[in-house]
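For clarity, chains are labelled A, B, C and D in written order, and residue numbers in each chain start from 1.
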Amino acid sequence: MRRTLKAAILGATGLVGIEYVRMLADHPYIKPAYLAGKGSVGKPYGEIVRWQTTGNIPKDIANQEVKPTDPKLMDDVDILFSPLPQGAAGPVEEQFAKMGFNVISNSPDHRFDRDVPMIIPEVNPHTVTLIDEQRKNRDWKGFIVTTPLCTAQGAAIPLTPIYKNFKMSGVMITTMQSLSGAGYPGIASLDIVDNALPLGDGYDAKTVKEITRILSEVKRNVNEPEVNEITLDATTHRIATIHGHYEVAYVTFKEDTDVRKVMDSMETFKGEPQDLKLPTAPEKPILVTTQDARPQVFFDRWAGNPPGMSIVVGRLKQVNSRTIRFVSLIHNTVRGAAGGGVLTAELLVEKGYIDKR
Amino acid sequence: MRRTLKAAILGATGLVGIEYVRMLADHPYIKPAYLAGKGSVGKPYGEIVRWQTTGNIPKDIANQEVKPTDPKLMDDVDILFSPLPQGAAGPVEEQFAKMGFNVISNSPDHRFDRDVPMIIPEVNPHTVTLIDEQRKNRDWKGFIVTTPLCTAQGAAIPLTPIYKNFKMSGVMITTMQSLSGAGYPGIASLDIVDNALPLGDGYDAKTVKEITRILSEVKRNVNEPEVNEITLDATTHRIATIHGHYEVAYVTFKEDTDVRKVMDSMETFKGEPQDLKLPTAPEKPILVTTQDARPQVFFDRWAGNPPGMSIVVGRLKQVNSRTIRFVSLIHNTVRGAAGGGVLTAELLVEKGYIDKR
Amino acid sequence: MRRTLKAAILGATGLVGIEYVRMLADHPYIKPAYLAGKGSVGKPYGEIVRWQTTGNIPKDIANQEVKPTDPKLMDDVDILFSPLPQGAAGPVEEQFAKMGFNVISNSPDHRFDRDVPMIIPEVNPHTVTLIDEQRKNRDWKGFIVTTPLCTAQGAAIPLTPIYKNFKMSGVMITTMQSLSGAGYPGIASLDIVDNALPLGDGYDAKTVKEITRILSEVKRNVNEPEVNEITLDATTHRIATIHGHYEVAYVTFKEDTDVRKVMDSMETFKGEPQDLKLPTAPEKPILVTTQDARPQVFFDRWAGNPPGMSIVVGRLKQVNSRTIRFVSLIHNTVRGAAGGGVLTAELLVEKGYIDKR
Amino acid sequence: MRRTLKAAILGATGLVGIEYVRMLADHPYIKPAYLAGKGSVGKPYGEIVRWQTTGNIPKDIANQEVKPTDPKLMDDVDILFSPLPQGAAGPVEEQFAKMGFNVISNSPDHRFDRDVPMIIPEVNPHTVTLIDEQRKNRDWKGFIVTTPLCTAQGAAIPLTPIYKNFKMSGVMITTMQSLSGAGYPGIASLDIVDNALPLGDGYDAKTVKEITRILSEVKRNVNEPEVNEITLDATTHRIATIHGHYEVAYVTFKEDTDVRKVMDSMETFKGEPQDLKLPTAPEKPILVTTQDARPQVFFDRWAGNPPGMSIVVGRLKQVNSRTIRFVSLIHNTVRGAAGGGVLTAELLVEKGYIDKR
């Protein structure tokens, strides 16, 4: 049996932080040993946290005191999960990595550093080797690994088997994203009651940028230009759902493509986490439903086991001989953030990147 | 000056009915003379109606009693507006038309009768001549004219100038529709709080069918097959907004097409209602916004003058040389139903189809 | 160890039904053996059910077929849980009880039959003896036992220790109730978005009537008139929450009463289920919080263990020497319905009322 | 005819500010001449404002540039409306008043200054004479007048005729307040979707404090202690409504009191604004409804003429011989803020307090 690893969770009181706490409370070998925050430092976790998720706060964790984000206090930590806000995350993560911490970040700050992996374990696990380059470049004992934008993952995961197996030429995505995707306090209530809130050009663009990078890594033998030939676009919105990003994708191909084969490729899709039987790996990363009017955010966001780790795809349709449509639903703070982070940690453990500093 | 025409509003207590009442209360020559209902017959309109719209119930109308849907009581009515529920509408409308009433229906029941026009006054006003055919076929003194599905209008209106001016090859639409589009009681609250509700295959299909017909009528010299060569698809949903259907459209072309020209074609788009200066015609049927993150349902659904008669288009983007994206917002019960009905009535008056029975 | 008892759940696809299924799936000795419905008969439970609760559908139950409400098919059933709609429930329950079934009903139909207990196990467990009377009166081998209106329970449970220990003279309640309290489809979305929906005189009155009966049973030695001297009133509403009834209570007394003593009486309140250590009994039926701005519906409705079985009371305040205020939150479909039903079943088992028919 | 007065609106882009703009756009003699903001300075009002109200932005105002809060630029302004945020308002208002501006403030900062009136024109118009004292005390040419907390007004207005005419001994209020009451961005969406948000001790207390002051001013001949003998309490909440505070009040009396007489006193209630026929005075400040399940936030908040200036009271009930219940609904940003401010300005004009500085 594997020795127990100690994890610190920065931003443990945040929307992603609580999912780390929830998932690690039951983890076979990673223990949530250190809960860090900012405004809530010094207070009992159970009193200060907004537990905007399922189940009740694990009893033994409720009484822990929230600690400062201070490396000196985390001497014996094996893994540092960092769901810190954009801007705040960057320098903190760098400081910790430099001091030898193994940082798994959900924040965007280092996602596009040339030597930093941006990992979806089922999709581009081979990119973990960027860590070696990173350590060499920066002369660090620790490292930074990132997970992509939740919205990008909601499209990139189902697009991976499609891109691998068919001659895709375009993807046009329309999203309906949940409030928790914006953190807390996040979206003002007056922006969302009786409204759909467009996220605008900036958010559209970063979604496309991240999907593009992920797909380019899917076929690593293939020269990058191929992805760039694909038309990728996203129109992004928030609606008044608590968790779960719902995305409609129209996909075009360079040749006739049968939607049933596309569906097959999704249903049978699996990756290293499944092969390695990682504890947090869902049996199927993509669950395909053929029920009409499904998936639905409320009913399907916790799909899979562990709950929220499977993406649900539905409404598959042959639009014309070279166009299909599908809809996907991802639990943004689980699969799209904390769950992705835990799965990445497990992958790194398996690949030998995480041992006692 | 034009003589005052008397209108009956069937289903006057419904979500579309109230917009007829609101708009006709101030109309220069059409007066709401007869308010009919079903469950609410015999009760004072102001007490029974759920006034789920803007402004307060017009004072003189609040005290009117709701009457039965009985042609014998409507002897002197010049125009009969019929926003009755699907199924109930069909036979009632036929009965009234046969008796000589001029019926303008918002219901789907007769939309696809071969000799029944389905009119958006700015888009296919020439199809009113089907009335002549209808009267001949059926030996009726009255007639039935319909308005299309609100969701179809939200796409078809902005697509009209595009289809007229550019070589369109495909349209892929994703909708976020309001609750009022389903009538009352309509959508169960438990289906929509913390959820996005897919409307499913049936609704997707009827949206596509109606857009197809409208576009085919836009270019009447053109042989129908052309429209059928266009790929049209829709993925439809409800979200927890009260009024206003928001639609994202990706449009592809057979040749390079400049989004700025597409934008121009929308901004300058007008039709017979504008030329004829019909009282309910908005100056611009399509208002184009270049503000980021607009239109928004809450803030833009009442756009134009009369309020709610203009569609707002925004987020226009050149996706690639042959693909553009736009977003549209239509007030479903106004432009998409009652307002469209009143505008159609004005057009028919102007064209001589409505005179004393 | 106790032998396993077989339970049938009528209305198993309803909002209360799903909580029975969820809670019994893990029950130490009551197994959900028979799932009955109406519109969904013949379909796999997992496909037809709207799982509007926490966790995923228990795997082994998802594939069960929904069966008709037919006593002939339930020969070996020990307990029949009946969360059927008002009106439909009454005759069905009578028929089953007559045939020897032990019926635990959440419906209002038999609540005010003179010989039918209306039980909250911590509050009036002694009233189970009405069963003996009932059997005698009606010459039945089975019986009907009911649970009270969820809204009434949300007030009656915290009022029980107050009424027992202090000289109460009045209670004025204002409620904010959840959508699930109305069943499915229940409340129309257009009645609740951007609105608070008053439930009106009828609902106010039945809430008061049930609280009155419960309190009168609390002090059984005491002559009924005492309760009738208490002023009881309720102003009831629905708001757009999914589960959880939130109630504000102002309580007046005939003599000076210290809110801290009232708080103590709630915190230390327990009943037979706790003494008997019934499996579904929460350690504390009432959890008192002193945090400002708590309880909150979203965060506290699943309080206790089993989740949702404890009522959370907060915002306790000494208004004047003879008036206090408190706020309570009850999970309406759990503590207020299915959980109350399961706990009642356990009580009846313990008291020897349930054995093989 | 009265000469046109020029008004400046500070915080013109805020939720109260927009109602000032909307109401003054049509005002017979007060013109919105100067729109001031902070973050939005320099931008066209129509582009920057979140028009979270009814109707469209008045055309001539949409193009005005938002100006800084600078007295030097407002030389010719007759009335200064100040709906600035708490904290920011205080010093600004003092500075302007000192310079000779006539300031009508909706902010709490000066409400409890001893020489500053806190006015509801129908309730305590005589307190305007505090202005004379204020000018003397402070040696100012201008002055500050305030309007009370919207929540306090929702109770204080209907309580005024009750307190005047009956021997009231207690009032226990439970509120369901709208999101707009908290300004923008105000309440986080994650605090309100599927939740009711208690506002906590601080907000409860200030509501009581303001009601107490208003009632003490109602009977000015009466020694203050009388009000203090009344038990007043409030339990305050926000729910996911956009505008409109809904409040349930239980009122107790020292002697038997007939609810029909209480109802009469509300229905016939009027004050100086009605006697003086001020342009913004509703015919009836209190509209009483006897319909079951009314008032409702969505349908009744714009009651009266001008819309939103009448409070709607309903669900009146004789609870026992000395207790009644009623429910009230106030449009918080209109009657409770901007509309109250405009009505106060009209009162001050009438009483000669506003002339050219």
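As a convention for this text, a contact is a pair of C-beta atoms (placed from the backbone, for glycine too) under 8 Å apart; a residue touches a chain by one contact, two chains touch by 3 or more.
Since the structure is predicted, the reported quantities are computational estimates derived from the model, not experimental observations.
*Asks:* Among A-B, A-C or C-D, find the interface that matches B-D: by residue number, over half of the contact pairs should be common to both.
*Replies:* That would be A-C, since it shares over half of the contact pairs of B-D.
*Asks:* In terms of C-beta pairs in contact, which of B-C and A-C ranks higher?
*Replies:* Most C-beta pairs in contact, of the two: B-C.
*Asks:* Where the centres are mean C-alpha positions, what is the separation of chain C from chain D, in Å?
*Replies:* 42
*Asks:* Centre to centre, by mean C-alpha position, how many angstrom separate chain B and chain C?
*Replies:* Going by mean C-alpha positions, chain B sits 48 Å from chain C.
*Asks:* Round to the nearest whole Å and give the separation of the Cα centres of chain A and chain C.
*Replies:* 40
*Asks:* Please output the residue numbers of chain A that touch at least 2 other chains, ranges allowed.
*Replies:* 50, 52, 193-194, 240-242, 298-299
*Asks:* In the complex of these two chains, what residues of chain A are touching chain D?
*Replies:* Residues in contact with chain D: 15, 50, 52, 179-180, 184-194, 240-242.
*Asks:* Would you mind writing out the residues of chain A in touch with chain C in their complex?
*Replies:* Spelled out, the residues of chain A in touch with chain C are 47, 50-52, 54-56, 193-194, 291, 298-299, 302-303, 305, 307.
*Asks:* Can you list the chain B residues touching chain A in their complex?
*Replies:* For this pair, the touching residues of chain B are 170, 172, 174, 176, 194-201, 231, 233, 235, 237, 239-242, 246, 248, 250, 292-294, 296-299, 315, 317, 319-320, 323, 325, 327.
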